[in-house]
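Next, two complexes with chain A in common: one pairs it with chain B, the other with chain C.
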Partner chain A sequence: MINSYRIALAGNPNTGKSTLFNALTGLRQHTGNWAGKTVSLAEGTVKHKDKTYQIIDLPGTYSLFSNSVDEEVARNYIVFEKPDVTLVVLDATSLERNLNLALQVLEMTRNVIVCINLIDEAEKKGININERILTRKLGVPVVKISARNKIGFPMLLDTIDRLVSGTIECNPVQTTYSEEIEEKITTIESKIRSLVGNSISSRWLALRLLDGDEALLNEFNRRLVLNDQVRREA
Partner chain B sequence: MNMKELYSEAQAISSPQLRDDIVQQLYSRSRELCDVGVSYTKTKADTRTEKLDAIFTSKIWGFPIMLTMLGVVFYLTIAGANIPSSMLAEFFGWLENYITSAFQFLHAPDWLHGILVLGLYRGSTWVISVMLPPMAIFFPTFALLENYGYLPRVAFNMDRLFKFVGAHGKQSLTMAMGFGCNAAAVMSSRIIESPRERMLAILTNNFVPCNGRWGTLIVLASLFMAASFTGGFKSLVTTGVIVGIVLFGIVVTFFVSWALSKTLLKGVPTHYTLELPPYRRPKFFDTVIRSSLTKSWTVLVRAVKVAAPAAILTWVFANIHIGDTSILLHAVGFLDPFGKMLGLDGYIMLAFILGLPANEIVLPILLMGYLSTGSLTEVDSLVDLKQIFLDHGWTWVTALNVMLFSLLHYPCGTTLVNIYKETKSKKWTFLAFLIPTVLAILVPFIVYQTAKLFGWV
Partner chain C sequence: MVKSNKISLFQGKKGNLIKISSISLEGVMRRRLLDLGFVPGAIVEVIKKSPLGDPIAFRVSQTTIALRKEESMKIEGELVNHD
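And then the complex of A and B:
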């Protein structure tokens, strides 16, 4: 379908992804104030201007290192299913801890919007967030919203619209690691690129291989086999 | 070169503390970003959450508060559901008269009236009038607690007990989901990282009564356990019995988790982080509407979908004769000796077997079984209901054992399918069936034999 895009919602548990999902799609996904409520993928659609967006609510995770099944589900979706935009939802009241997930997503995919939720609660607590500085430092749009009170939605939808139509571009600023790690990344990154091309971020894959992410290796091989089957049948 | 070779190559140059370095770097960058991007105008931090946590998760008050909350939720459900339940039952009974007249007017054959009205209509409306009111109260109340942020505190309080039996503290969250639906709770066990502890959570989830069993538990508790009380006090006693049953289910969960972690699923519980979110005032209206309308509705539709064919089937079984007895009675006669050993009877055993697709239909099937053999009384009120049970030789021990069997027996079909999907193992799915079944036979057996020994029945 032309003018139809897929938007994935990622973020720490209990940051209001499902609330945002419900508010955007008008659906009634079960919400709750506890970490780990969403375990499978929920989907819904929202129309804005001339475009249709399919919203996918990923399970909330603290990291994307495939420690548990839900982390794998979220990770696999972002990397292998390649949504047009990945919306990272962060809790404004505990931004420091939440940002680390956003940094991981920035390594995995290009089109990311950082969505700082619960902004009204943060302001009540006297927390002021300068989204322009964060935008510059991260290289991707940062938008402040309150999902439960529907604050900041026009801005969010416009940002999504401008990103998918190519008016703005994301240049996610990568985290630089220690010299030792960077050297190791360089050693295998070029080999990875010759294997997978540009389909997956070679830097991220290098990091995962160095980290010994066997679950990812298995997933990779599984998908390779599936692709072969599809090709042979065609 | 393929991915596997690359992986080995990367592993050869990697070091064990690489992950720590990566995580540390990510965190220090997060901190730098916050240093430049976030400013604070109020120096004094909000301490409301901390103050509340000091009470809700306190060593002294944590458990009493939890029990009270559980009791209050159940009391509201039981006391509030009473009147709407009987109103619905009366309404459906009144409507049935008109439907029957319509059938007579059209000169419809008796068997058609039997299948559609006595089977389908009675079965489904019974499910509706018994289940809808409790659900419409229980789900919103529970959802309010959930959206407020109380559930993680329960997990926090329970953590030490779970650790003690070798299970994972987050298991209490999957158990909380189980109050709604065991099938959904099995899926929610994905939040548990370690496969071993996740398996424990899956295998024991069934010991939390799901909403399909609420109806059975509440009806039997109020009919037989609180029979000699009246008014508000009656609801209170019923609540006490229900809380007792739920607590017994939790004790069994601990026991089975402990036994498994000493035998089939050996291991030490892993550490984990449990986030205690700030208490948030729930959007009252949204929460209530969403959970009572949407969730109750979906559960109800599912129940009626299963109840309708089961009701028809039961009616057919009760009315097709082989020799001079019906198929139903053949089955009942076959199961009766076994049921009697547990203080139950053949009808009850058959109802639980036919109720495998969904626990909601166990009681309706049981009633239809009883009614098909005697005169077809209309069940307009709970008093009639009790008379039917008494006519078939029920005592309070029968009621207690049915409740225990319902609490402990094998998971429903949907849950078993989900267990297979999540574990991808026939062996574990079979165990998830076997463990509860053995317990559901053992416990009522012991209760009944003890009661007989002491001459209580």
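And then the complex of A and C:
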């Protein structure tokens, strides 16, 4: 479909991803105030200006290092299914905890929008968030919203629109590690790039391999075999 | 006078604030704890202990998380004074 884009919602448990999903799509995916509620992927669509967006609600996780099935589902979607935009939903009232996942996503993929939800709750608690400073530091657009009260939606949709149409470009900040790790990344990164091309961040993959992420390696092999089969059958 | 006040999270008393200095765990459990906010430099509060002293609930980056003795013994830090 032309002018159709896939937007994945990622974030910690209980940050309002499903509330945002429902508010955008008009669907009634079950929302609830407990962790681990979204176990499979829910999909819905929203139209804005001349474009159609397919919204995918990923399971809420604190991390994307495949410690559990939900994390694996979310990670595989972001890395292998490559949504046009990954919307990282953060809880404005506990940014410190939430930014961990945001930084992980920024390492994995380029087109990211950080969406700070529950902004009205935060303001009630006297928390003021300067989204312009955050945008500058993270290298991706940061938008403040309240999914429950539909605050900030025009800004969010416009930001998505400008990102997919190429009016704005993301330059996600990359975490710098110790000298030893950085050296090892440099050693294997070019080799990784020659194997997987530019479809997956070679820096991220290098880090995962250095961390000994065998589950990811297995996932890779599985997908390579599948691709081969598809090619042979074609 | 410098006095060493290094303790494990398990040794903390209710109400203690402990600044984490090291996590002697490996693999998935280490990763998980880091994701939950048990990172070096973070200040953790001992909220309460279960009747038998294990598990213990800690306050870490604005959330309460309970840890078993197996894990809390392996996280070390320094006592921080309340002020």
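Remarks
Note that the second predicted complex is superposed on the first by the 234 of 234 C-alpha atoms of A that agree within 3 Å, B and C clash if a C-alpha of one lies under 4 Å from a C-alpha of the other, contacts with A are read in each partner's own complex, and residues count from 1 in each chain.
Criterion: a residue touches a chain if its C-beta (ideal position, glycine included) is under 8 Å from a C-beta of that chain, and two chains touch if they have at least 3 such contacts.
Just so you know, these numbers come straight off a predicted model, no measurement behind them.
In this superposed model built on chain A, chain B and chain C occupy separate space and fit side by side. When both complexes are overlaid on chain A, the residue A:T45 reaches neither chain B nor chain C.
Of the two partner chains placed around the shared chain by superposition, chain B is the only one that A:L209 touches, whereas chain C remains out of contact.
In the superposed model, A:F65 makes contact with both chain B and chain C.
Vertex at the C-alpha centre of chain A, arms toward the centres of chain B and chain C: the angle is 70 degrees, rounded to a multiple of 10.
Using the contact criterion defined above for the overlaid structures, shared-chain residue A:Q54 touches neither chain B nor chain C, since it reaches no partner. Residue contacts after overlaying the shared chain place A:I181 against chain B, while chain C stays out of touching range. Of the two partner chains placed by the overlay, only chain B lies in contact with A:N14; chain C stays clear of it.
By the document's definition of touching, of the two partners only chain B reaches A:R148; chain C does not. Minimum Cα separation between chain B and chain C in the superposed model: 5 Å. Residues 62-63, 65, 67, 93, 96-97, 100 of chain A lie at the contact with chain B in one complex and at the contact with chain C in the other.
Note for the complex: chain C touches chain A at residues 28, 31-32, 35-37, 61-63.
Residue ranges of chain A in contact with chain C, taken from their complex: 62-63, 65, 67, 93-94, 96-97, 100.
Chain A contributes residues 13-14, 28, 30-37, 39-40, 59, 62-63, 65, 67-70, 73, 93, 95-97, 99-100, 103-104, 121, 125-131, 133-134, 137-138, 148, 175-178, 181, 184, 187-188, 191-192, 195, 206-207, 209-212, 214, 217, 220-221, 224 to its touches with chain B in the complex.
Contact residues of chain B toward chain A in the complex are 1-4, 6-7, 9-11, 13-14, 18-19, 21-23, 25-27, 29-31, 33-34, 36-43, 45-46, 143, 146-149, 151-152, 155, 170, 173, 187-188, 190-193, 198, 273-275, 277-280, 282-283, 287, 290-291, 294-295.
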